[in-house]
Amino acid sequence: MTRLIALTLTLVVLGLGSSVASARDWQVIRIGVEGAYPPFSALTADGKLVGFDIDIAHALCAEMGAECTMVQQDWDGMIPALLARKYDAIIASMAITAERKKKVAFTGKYYQVPARFARRKGSGIEISEAGLQGKAVGVQRATTHDNFISGEFGSDVDIKRYASQDEAYLDAAVGRLDLLLADSVAMQEGFLDTDNGKDWEFVGPGYTDVKYYGDGAGIAVSKSNQDLVDRFNKAIEAIRANGTYQKINAKYFDFDVFAG
Amino acid sequence: MLDLHGYLPLILKGTLLTVEVAVLSLLMAILLGLIGAAAKLSGSRGVRLLAQVYTTVIRGVPDLVLMTLIYFGGQILVNDIGDRLGWDYVDVSPFAAGVLTIGFIFGAYLTETFRGGIMAVSRGEIEAGHAYGMTPRQVFFRITMPAMVRHALPGFSNNWLVLAKTTALVSVIGLHDMVYNAGQAGGATRQPFTFYLLVALLFLVLTGVSDIGLRWVERRYSVGVRKA
Amino acid sequence: MDVNVILENIPLYIEGMWVTVQLVVLSLILGLALAVPLALVATSRRRFIAFWPRAYIYFFRGTPLLVQMFMIYHGTAQFDWLKDSALWVVFKEAYWCALIAFALNTAAYTGEMLRGAIAQTPFGEVEAARAYGMSRWTRFRRIILPSACRRALPSYGNEVIFMLHGSALAGVITIVDLFGAAKIVNARHFVPFESFMAAGFFYLCLTLLIVWIFRIAETHWHAYMRPREEEGEEKGSFPARSAPAYAAKGL
Amino acid sequence: MSASAEALVVEDLHKSFGSVEVLKGISLVAREHDVVSILGSSGSGKSTLLRCINLLEIPDAGNVYVHGELIRMTTTSGAARVPEDKRQVERMRSRLAMVFQQFNLWSHMTVLQNVIEAPMHVLKVPRAEAVERAESVLQRVDMYERKDYYPAHLSGGQQQRAAIARALAMEPAMMLFDEPTSALDPELVGEVLKVIRGLAEEGRTMLVVTHEMAFARDVSTKVMFLHEGQVEEDGVPAQVFDEPKSARFRQFLAGTLR
């Protein structure tokens, strides 16, 4: 009996994992990333993280001379996990919004692209209050798109919220959704250009409304680590100045994602 | 029959994780269950009340909600404690959260199972122990506990089978168990049904094998007991 | 703790709770309707006939509800013939997928419960029914089923509670039930602790409501088994679905 | 006694369980108003005889006529003997009301519900009429006061009286009693026997499997002693009890009357 208790305690403690981080001189930084948001971040078949966000994160770390570990986190828990100190910064295409600024600090933007709707080809759906009436619109939960559709069309639309953008794409492909609302670049590369999205097309204008979409995608850091925000800001400026940013940009896109 | 497009190793890796989570949380649940049962049978009203609140809350709130709560809330709690004790940072990983939650939930169920088992041990057997000059400690470990095991086994078996199935929920907090991996494989191959069916069958194997094993144990512990 | 966030979002929680209640009630009704014939066939003496409902029950009781729901929600999309058929109107909606999964699941558990209770029907009572000229169907309808239902009532109470808990899975597939509502609140305000705690509180209230309803139902329905002077059945606790074994251990 | 119609005729009934032959060709005639007591030690086949008459057990051979109507039997492809018409059996059973050793009241129903159940759902008597009938038979067995009790809350004697009321409510052509007092505590036997005695005096046709010798002797019009599946002795009680022909029956009487 006593042995059983001892064994259990040992195992539970081991399970907790004592990954005690070192003091905050930012030689070691843990970065929260998502992995289900191509082409910005995705998992390869053998489980490796790839994408624009990931490359940027590595470039920034190299610039700061820090050793970085990537921590994969579902989008739902992105900010709560930062607040719970599961990692030190979020580099996951997170838009800089007023609501989020209440909880976390942001760097300046590292890219900005408009959001757009996409519809099934031939559905003829138009983007207006009447056109969206009763339509099933897929968005990723807890994103600016979720806020935008809820705020602008909320009561008329059947909003389907997904934990990841990939899940929304899957349901769109099988015909559970009438519309998608997402970042236009992510949707182009992650969906419309793929086999799943071959029957879908953009519709309506691009949205950059600051009220919902804020000031572009930034790096989120805990408010108590203002020094880390400054380091990241400097590093962003540096990689934009030395051409690293442009190289990564060119690897994924044939236009400038920084400007929006 | 089933074309798995080379995803079988990924699924089996997940199966291993599922089993790990299940076994570790079972150990934790046994520990909590014994503590809980002792608390419920304790002389102190406060302790009994605490145990009652524990079991009532656990049975009143869905596993999934508890798991989400512990995954986020648990980390905050650990950080608070850590700050006070001067630790730097202890990570509550999805794995730890999963094990802790499931262990915590089934600790409540096992509390009832063990309590029932202890109460089913006949007064006479215990009195006989005292009558032969055993200390209360000896009576508890030599008489009550072994006799309790037999009474608690059917409920225990049942709890284990439910626990094994409950591990599927860890996929929702992002742990790469077999359900999560089946989702990945299903999405990539566009054959979600195939992969979820495979995982369902693996669960049937897990519960089936456990069932056979537990029946064997129950038979062994019923030696010397006449079947009604 | 940020209570204001929760208070502001009470309407959202109420809406979610309404969806939860709908899902639970509908799946229980459908599940019960399916469980009765399932139990009837599973008690058949002809092995080949009894095999099928038993296999169904074994599958649904041996696998996680989450996997069953995923098989119906994500899995059905694998089949083009299904997507081209009229049935897709149903499977297209996450709500119906969840409802179907829940109903099939609870049908298996309820069916097994009824099967056990039917098997326990006192033989003499069935024989008396035969001796009075009741047909097979009348015997089942008037004697066996009502008596089995009463015996199964306490475990059915647990099943209802389990269904309430299981219904939280709906929140995983885009449905805004009570759990889904909590996820939205968390997503908007980043208050995981408060948002899920509130959901837990509402679930607890619903659970206690169910326990209370079943306690009343049992005092009505179980008058026939209870000695006139009330005996000391454990009142304070309600056994979980997982452990019928200790329900009977009141002492 | 006037020569009245034959209520029940049993011809050459055989029944085996596995290799054990329990009934080895039993015949029996009961006229209306007859009270036939069937005696025998345990294992003599007396209960099986009763159960074969209303087909709770299917006899291997032999015929049963109820009021002259033959219960038609047939043989399945698997060589099993089965009733040809289930409806006929159900109709016949509804006219032969059985009272069991273990009462077999439906435990989830009150006494009144037990009594109205079969009239309503087998004979299709309207509820109001069934209740009226039930209340009168309950008064007859002195159970009216307890009509809203559940069986579990009654003594054995009360349960058996309720079971007799349940049988009476069918207004049966004949009543079958299967050791109606054997499961009762000794002090409760009297109240049940009193009721059965009263029914016999009313002139009801009854077949009673019993161990109560005094009852068999005083109340029956006919006594039948079974031994190892055969009729060892039968006749009117005075003759059977006073001048038994069979040595076995004498032994049996000596044993039970001691």
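General remarks:
Per-chain numbering from 1; labels A, B, C and D assigned in written order.
The rule we apply is simple: a contact is a pair of C-beta atoms (placed from the backbone, for glycine too) under 8 Å apart; a residue touches a chain by one contact, two chains touch by 3 or more.
Computed from a prediction, not measured in an experiment: that's the story for all the values here.
Taking the mean of each chain's C-alpha atoms, the chain whose centre lies closest to the overall C-alpha mean is C.
In terms of the distance between Cα centroids, chain D is separated most widely from A.
A straight line joining the Cα centres of chain A and chain C is 38 Å long. Annotation: 83 Å between the Cα-based centres of chain A and chain D. In this assembly, the C-alpha centroid of chain C lies 45 Å from the C-alpha centroid of chain D.
Separating the centre of chain B from that of chain C, both taken as means of CA atoms, is a distance of 22 Å. Each of residues 77, 80, 83, 170 in chain A touches at least two other chains. Taken residue by residue, chain B touches two or more other chains at 72, 76, whereas all remaining positions touch fewer.
Within chain C, residues 74, 77, 172, 192 each touch two or more of the remaining chains. By the definition of touch given earlier, these chain pairs are in contact: A-B, A-C, B-C, C-D.
In the complex of the two chains, the chain D residues touching chain C come out as 54, 56, 86, 89-98, 100, 102-110, 117-118, 121-122, 150-153, 166, 170.
Across the complex, chain C meets chain D through its residues 122, 124-125, 127-135, 138, 142-143, 146-147, 150, 223-228. Chain C contributes residues 74, 77, 83, 88, 92-94, 172, 174, 176, 180, 183-184, 186-190, 192 to its touches with chain A in the complex. Residues of chain A touching chain C in their complex: 76-77, 79-80, 83, 99-100, 103, 141-142, 146-147, 160-163, 170-171, 174-176. For chain A in complex with chain B, the residues that touch the partner chain are 1, 4-5, 7-9, 11-12, 15-23, 43, 45, 72-74, 77, 80-81, 83-86, 166, 170.
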